[in-house]
Amino acid sequence: MKYSYFPGCSLERNALAYHISAMAIAEPLGLEFIEVEDWNCCGATEYVSVNLLASYALVARNLAQAAKETRTRQLVAPCSACYLNLKKCDIYMQESPSLEEKINIALAAGGLSYKSGTLKVRHLLDVIVNDVGYEAIAQKVTNPLKGLRVAPYYGCMIVRPKLGKNGSFDNPEYPTSLDKLLKVLGATVIDFPLKTHCCGGHMTQISESTGFELIRRLVKGASDYKADLIVTLCPMCQLNLDAFQGAMNAHFNTEYHMPVLYFTQMIGLAFGMDPVSLGIGTELVDARPALSKIGVEVPQPEVVVKRPPKEALPMPSMPEEK
Amino acid sequence: MTSNGKPKFAMYWAASCGGCEIAVLNIHEKILDVDANFEVVFWPVAMDAKYKDVEAMEDGSILLTLFNGAIRNEENEHLAKLLRQKSQILVAFGSCATEGCMPALANLSPLEELVSTVYSTVSTDNPENIHPQPTYKAPEGEIHIPKLYPIVRTLDQVVDVDYYMPGCPPESHQIAAVLDLVIDAIHGKATLPPKGSVIGAGGSTVCDECPRKRDVKTIREFKRIQNIMLDPEICILEQGVICSGPATRSGCGALCPQAGSPCIGCYGPAEGVLDYGARLLTAVASVIESKDPQEIERILEGIPDPAGMFYRFNLGASLLRASKAAWAR
Amino acid sequence: MLPAHASPTQQSLRQKSFLEEVIQNTPGDCRLLSCIQCGTCGGSCPSGQDMDHTPRAIFAMISAGLRQEVLKSNTPWYCVSCYYCMVRCPQSVHITDIMYTLKRLAIKEKVYDDSKAPDFSKSFIEWVENYGRAFELGLMSMHLIKHNPFGVFKMAGMGMGMLTKGRLAFTPTRIRGIDSLKAILNKAKELEAAA
Amino acid sequence: MSERFEPVIIGFTCNWCSYRAADMAGMGRIQYAPNVRLIRLMCSGRLDPTFVIKAFAGGADGVLVSGCHPGDCHYIEQNYKAMRRFYLLRKLLAQMGIEPARLKLLWASAAEGQLFAEEVTKFTEEVRALGPLNWNPEAALLSEQVLYRQPAEVAA
Amino acid sequence: MSKERIGVYICHCGSNIAGTVDVVEVARWAGETLKERGVVVSRDYKFMCSSLGQELIQKDIKEQGLTRVVVAACSPHLHEQTFRNACKEGGLNPYLCELVSIREQCSWIHSDKAVGTEKAKAIVSGGVEKVIWNEPLEPLRVPINPVTLVVGGGIAGIQAALEIANSGYPVIMVEREPSIGGHMAQFDKTFPTLDCAACILTPRMVEVGSHPNVKLFSYAEVTNVSGYVGNFQVTIKQKARSVNTELCTGCGICQEKCPKKVVDPVFEAGLGYRKAIYTPFPQAVPKYPVIDRENCTYFLKGTCRACEKFCPTGAIDFTQQDEYFTFDVGQIIIATGWDLFDARRIPQYGYGRLANVFTSLEFERLSNAAGPTGGKIVLRDGVTVPKSVAIIHCVGSRDRNYNPYCSAICCMQSLKFAHIVRERTGAEVYNFYLEMRTPAKGYEEFYQRVLEEGTHFIRGKVAEITDAARYPGEEGKIIIQVENTLIGKQMRVPVDMVILSAALEPRRDFKEVARLFGISCSEEGWLIERHPKLDPVATMTEGIYIAGCAQGPKDIPASVAQGAAAAARVVGKIQQKEILMEPIRASIDQDKCSGCRICNNLCPFNAISFIEERMVSEVNPALCQGCGTCVAACPAGAISGTVFSDQAILAQLDGLLLKNVKVLDFTPA
């Protein structure tokens, strides 16, 4: 099965682990991902806050680039925000011919065009559970995640809002596809009541206290349910819950230690792949104690601080460097 | 009144096959009554006459004109108008004049196609592909042929008609009866029916005169006559072959069904029916035995040419009259 | 002319234009007119506790024509785009889309009280417009310096962690088709301005 | 002002389901294309193909035939008869040059006001796309195209 | 030029028509343009259906000598009879009046006045052309069978059945469940008076069961309906009870001895158990139990027969088969009731996942003295008494995601629950409401009472119900998250128990019911009344009435009122002895008929027969229903139909296409 693949900015760097684990499991799952040529940022939730039409044009450029790929009409995005932006743009264009016309006028300025409905935008999870299917996944499991208590965490934009005639591929309030997948992998899956609650999005940048509170609720919830780790499918969720967990603990004077991994990493582990090849070890909240429960040994990662190359552009200075 | 005191009689043949003329002659000794009671002033098939003689007559000087044939060309129309002007009683005689008959089936095709079929298709031996020209310069001078109209019309679509006499051709006994009636009327022994009436025909439909045994009807397959051995006793429609009898005016004596062939509808619609084809269609469709759309469509494949089937004689007088291809430019 | 003692609400009710303005600036049929003030949105909102007004209250204020108060409110900037309100709304009001509309109107008129969130959005799109991709390190550091210089220390640990784990890039990536992208975005802005 | 072609459509409905569907659309104030003018029959089984043909011959651009859903007929099964006639009629009309899309069969229950309205609008657009029918065979006789000229003396 | 003198009347219907149709212009146009067609009077009037409007027509009939009348107003289904009667009283045969709809079919569905006006002209023109062909007719008289079928044995059906039976006429009642009583039998108390539901219902149930005029079929369904008002034929399927009711005394030993216990999803709303052989509750009417064959050990495994062994009268009959009975009835009342909204459709309310979230029906059973806990209000563990209870209004109602309508009873029901909880447990009660709707007699007073009892009222639609504790004090509780809209702040209220006042929904099989009885239902599935205000219990199908919640959500007083109203309509009809029917009939012209027999098997009512000796077909007018299918099928044009004759329809067609309008002041719409 061939798919156009839109990694999105996060997967280039902060969520590289998501990207490499997705690539690693693609082959055993029989999936072939063709990266969209010279893709650009989807605008996240920011661009539309400033300029409406340009935000759609920004997304539409990606659709136009992806539509050039003739071997497939399916566009898959692992990032929930990218997935929603791409899908929303395509569906709003279908629903409003005048929007479609305007977007195409803009695209034409860059030598591109896109006919809405050409591509079917999918989330990576949707593709894996529905196109590959639970049975096919089960057959590949060599190292079941037995004994590991996991909190399946979907976040918002994979299931909400309901767009177009078909809505989302899973229930917007109580999705179960990731639960089922993790069960197939052999994990003990908790009925996580906060599974579709918000990770805070960009709130850490807008209002720390608000952002940290949202992180706290989720980490506390998973911890109350005695989860060993949270499994997610969105780079933003992972970033907030993982990278900001320390700052959140400091803010509330708490001591949560709740690792956050991507579902693709969990699939890879169940398939018996090398944890490092799945990007495990790059999480800030150490997942090794949890993974040791299922006998996965992760070597201490090398600390690599890359220096900027010569061609690098000037950087704004960090205050501590002053 | 004419010189010999007898009322004048005319008969004309427009777009038709000539069968109507034969039918009139086929009334046997009755023809003598015609001669005894009428002075035949114009009847191109039977006697020599010139159009200009007719043109010279006084308006209304002909008592009875039997006009057979449809209006295909300019000459037909000219004569229809001329005879209307000169006649007191104008009868649309036979199927062509009343409802278009076979000539009007040409209304399913554009005129260009008809002409090219006649002069250019493989079955035509016309190596030099010569088509008739509207005008031709012969050494003797320029000659012309009448203009063909894009659609065929019935007589009453061109002129006012007093009576209609259906049939292809009208049955001789019916012709005789009509002539008797007119003769009686001349002598004051009978009154003519109201203007616009259909004469020389019955008031019901062909089944009324058909001796075949009839039961309720359910059709699961339409068959064509060449593919079936018809039971001589049983209603033909019940055997799956479309018989126009139920929708066709009686008066012929159900000749065709009696001879083992379905009625093809030459006597036209029953009294008060607006569109013959629609009535026959609705009757036939109503008795299809299926409730499944796909099966119905499959059964209907047994009627490959509904227009030709249901409007065999009546297309010219039908509500639609001609296919769009024929009339739309 | 209204009497001098007319309250701001009475004044604004007569104008009645803000509601229409919001509806017109939101794509599709946002169904704002159908709001029945049930509070499903306010109850569902993850950051609702920190908003000056719940979304429900904002809608009441919009229909009351309290333009300034609405555009100054932090409510839209605290929207995390989780879409809970939108899927739960019993009247199918496109709440999240309306929040985006309010942000755009506020930026256009620069009427917000706290510039932190608008600036974040603006810096984000600046990187996107110049490089075609988001650049987290640049964005986060610039944003922090401007709005929370002391918070930098709090975040420094996390930043260093990210750097050591190789999860932050030092340099932004520039897409090859940046000129084409710029042309597209400029054209889009031109079209929007014309409308 | 743009001169958009507004087709004239005659709609035949049964008294029990489809006319009530139209009533229902009205009661729900569902806005739909104004091009359809309805004739209420007791049952779609009352529909004589003559009516449809007369409508086309008389200037209609489209004809809607509407009744209860198969199996729901107020008269048990008469809508099946309408269905049989409809298919045969459509075949005949196609031969006459009337596009099958100008004749629509719509099953609508008394509860389906929304469906009725939507289908009418859809049908109107389909007929609009086909353009005017303007049925008028006599028009052919007015055309100036002459295939064979005929002088006065030719017959004599 | 028609020889008729036609009067045309255009109704404004207030602004219903006049808002989108220029009625004055239509009247002017008809008066001038259709003059040639015989129109001698053309008027517009505010409300044609008012007595003044009707008098206007009657005056013109007398003074102007009208021979035909066309009224352009609302749908003929609403007022055709009104205007026919008006004409009749004015001295004109009622069938010479034609009502054409320019409201449902024009003004209400268009917003452009020019378009609406032009369309209205065409519609009026169609009516004028048609009315010329209308013939004076007399309605047909048909005797009425005095037996009435009542479908559904809830409170509405019981009320209707008793009213009719007590008037001296026979009733057949069909109930799907083993006992009558309906939802009301499940309740403990009834608002606002807090009467014990069983105390007021049971005597009525007994009366139905023992009434000499009532024949009761429980555990039965109607499977077929044919015929027409006064003369329906209905088929009733009596499901096999596996109990011989001739022998059974209702002693209950079988239920005691039956070893198979199953959850009762119907009467106990899933909160309690019953046996495989059971009556839903002790006071069941009839008293005979039924064997639930899907759960009976004998039917599943072939052994057990405990009930048979212990039955003192030998009434158990495992071999019983479903039986079918056919009855002739004159009229039918449908009172099939409602189903509860499935609260699992709202995952964020946790029903089905959080043990202590209950539905309203579950709570009814929980609080019922005859219920599974004997009326003790406890948590799902069966022991713990809640200290705090949240009652959520509008669950699945007033929500476009589920049901857009208001379920009408939930506010009062929720107040009743609040009262019962306070009274029996002393718990803190929080009612989460959207609007408090208490419009009937004594309802607002009940609200006052509950307010004074100290129940907390929080205005806001609950966002979610969760067991995920966020703050201290929330652990182990169910937390209600909501915006208190009156203060504009989010709140989290931790409680022990939640009651969801779930929506009333149409019966799940509403489509089959509507189809079976040939009546219509709304998009949601509520059966539709003939007129929402003036004819709330009749349907568009003569002789079929609706009562209770089948027509829409309503409380017990309203259901009883409707049951009684339907009964009054039925009795009124019976007492007329015969009914007048539309004289829409087919007839065959014997001279034209050729006996082709095409029509012979087209009539589902067998009204057409073939007369062998004369070789013609004939229509029996007593059997003919007037569908007109044979008229449309006769190849000879020998069959004609009244009211909708070929000429009339073709004329209306010409009218709608404005074929006879010579003045070209018309631009097609």
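By written order: A, B, C, D and E. Residues from 1 in each chain.
Methods note: a residue touches a chain if its C-beta (ideal position, glycine included) is under 8 Å from a C-beta of that chain, and two chains touch if they have at least 3 such contacts.
All of these numbers come straight from a predicted model, not from anything done at the bench.
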| item | value |
| --- | --- |
| Chains touching both chain C and chain E, listed by label | A |
| Most remote chain, CA-based centroid, reference being chain E | B |
| Busiest interface, counted in C-beta pairs | A-C |
| Mean-CA-position distance for chain D and chain B (Å) | 30 |
| Between chain A and chain B, centroid-to-centroid distance (C-alpha), Å | 81 |
| Gap in Å, rounded to a whole number, between the CA centres of chain D and chain C | 52 |
| Sequence positions of chain A contacting 2 or more other chains | 173 |
| Chain B: positions in contact with at least two other chains | 274, 279, 282, 286 |
| Of all residues in chain E, the ones touching two or more other chains | 348, 602, 629, 632-633, 646, 650 |
| Pairwise chain contacts under the document criterion | A-C, A-E, B-D, B-E, C-E, D-E |
| Residue ranges of chain D in contact with chain E within the complex | 6, 8, 10, 16-17, 19-20, 22-27, 29-32, 34-35, 37-43, 45-51, 54-55, 58-60, 71-72, 74-78, 81-82, 85, 109-111, 113-114, 117 |
| Touch list for chain B against partner chain E, complex | 203-208, 214-218, 235, 237, 245-247, 250, 269-274, 279-280, 282-283, 286-287 |
| Residues on chain E engaged by chain D in the complex (per definition of touch) | 75-77, 101, 103-106, 108-112, 115-116, 119, 122-123, 126, 226, 514-515, 518-523, 528, 540, 584, 602, 604-605, 625-629, 631-633, 641, 643-644, 646, 649-650, 652-654, 656-657, 659, 668-669 |
| Contact set on chain E toward chain A in their complex | 346-348, 353, 466-470 |
| Complex contacts: residues of chain B adjacent to chain D | 50-52, 73-75, 78-79, 107-108, 111, 115, 132, 134-135, 143-151, 274-275, 277-279, 281-282, 284-286, 288, 290-291, 293, 296-297, 300, 303, 305-307, 310, 318-329 |
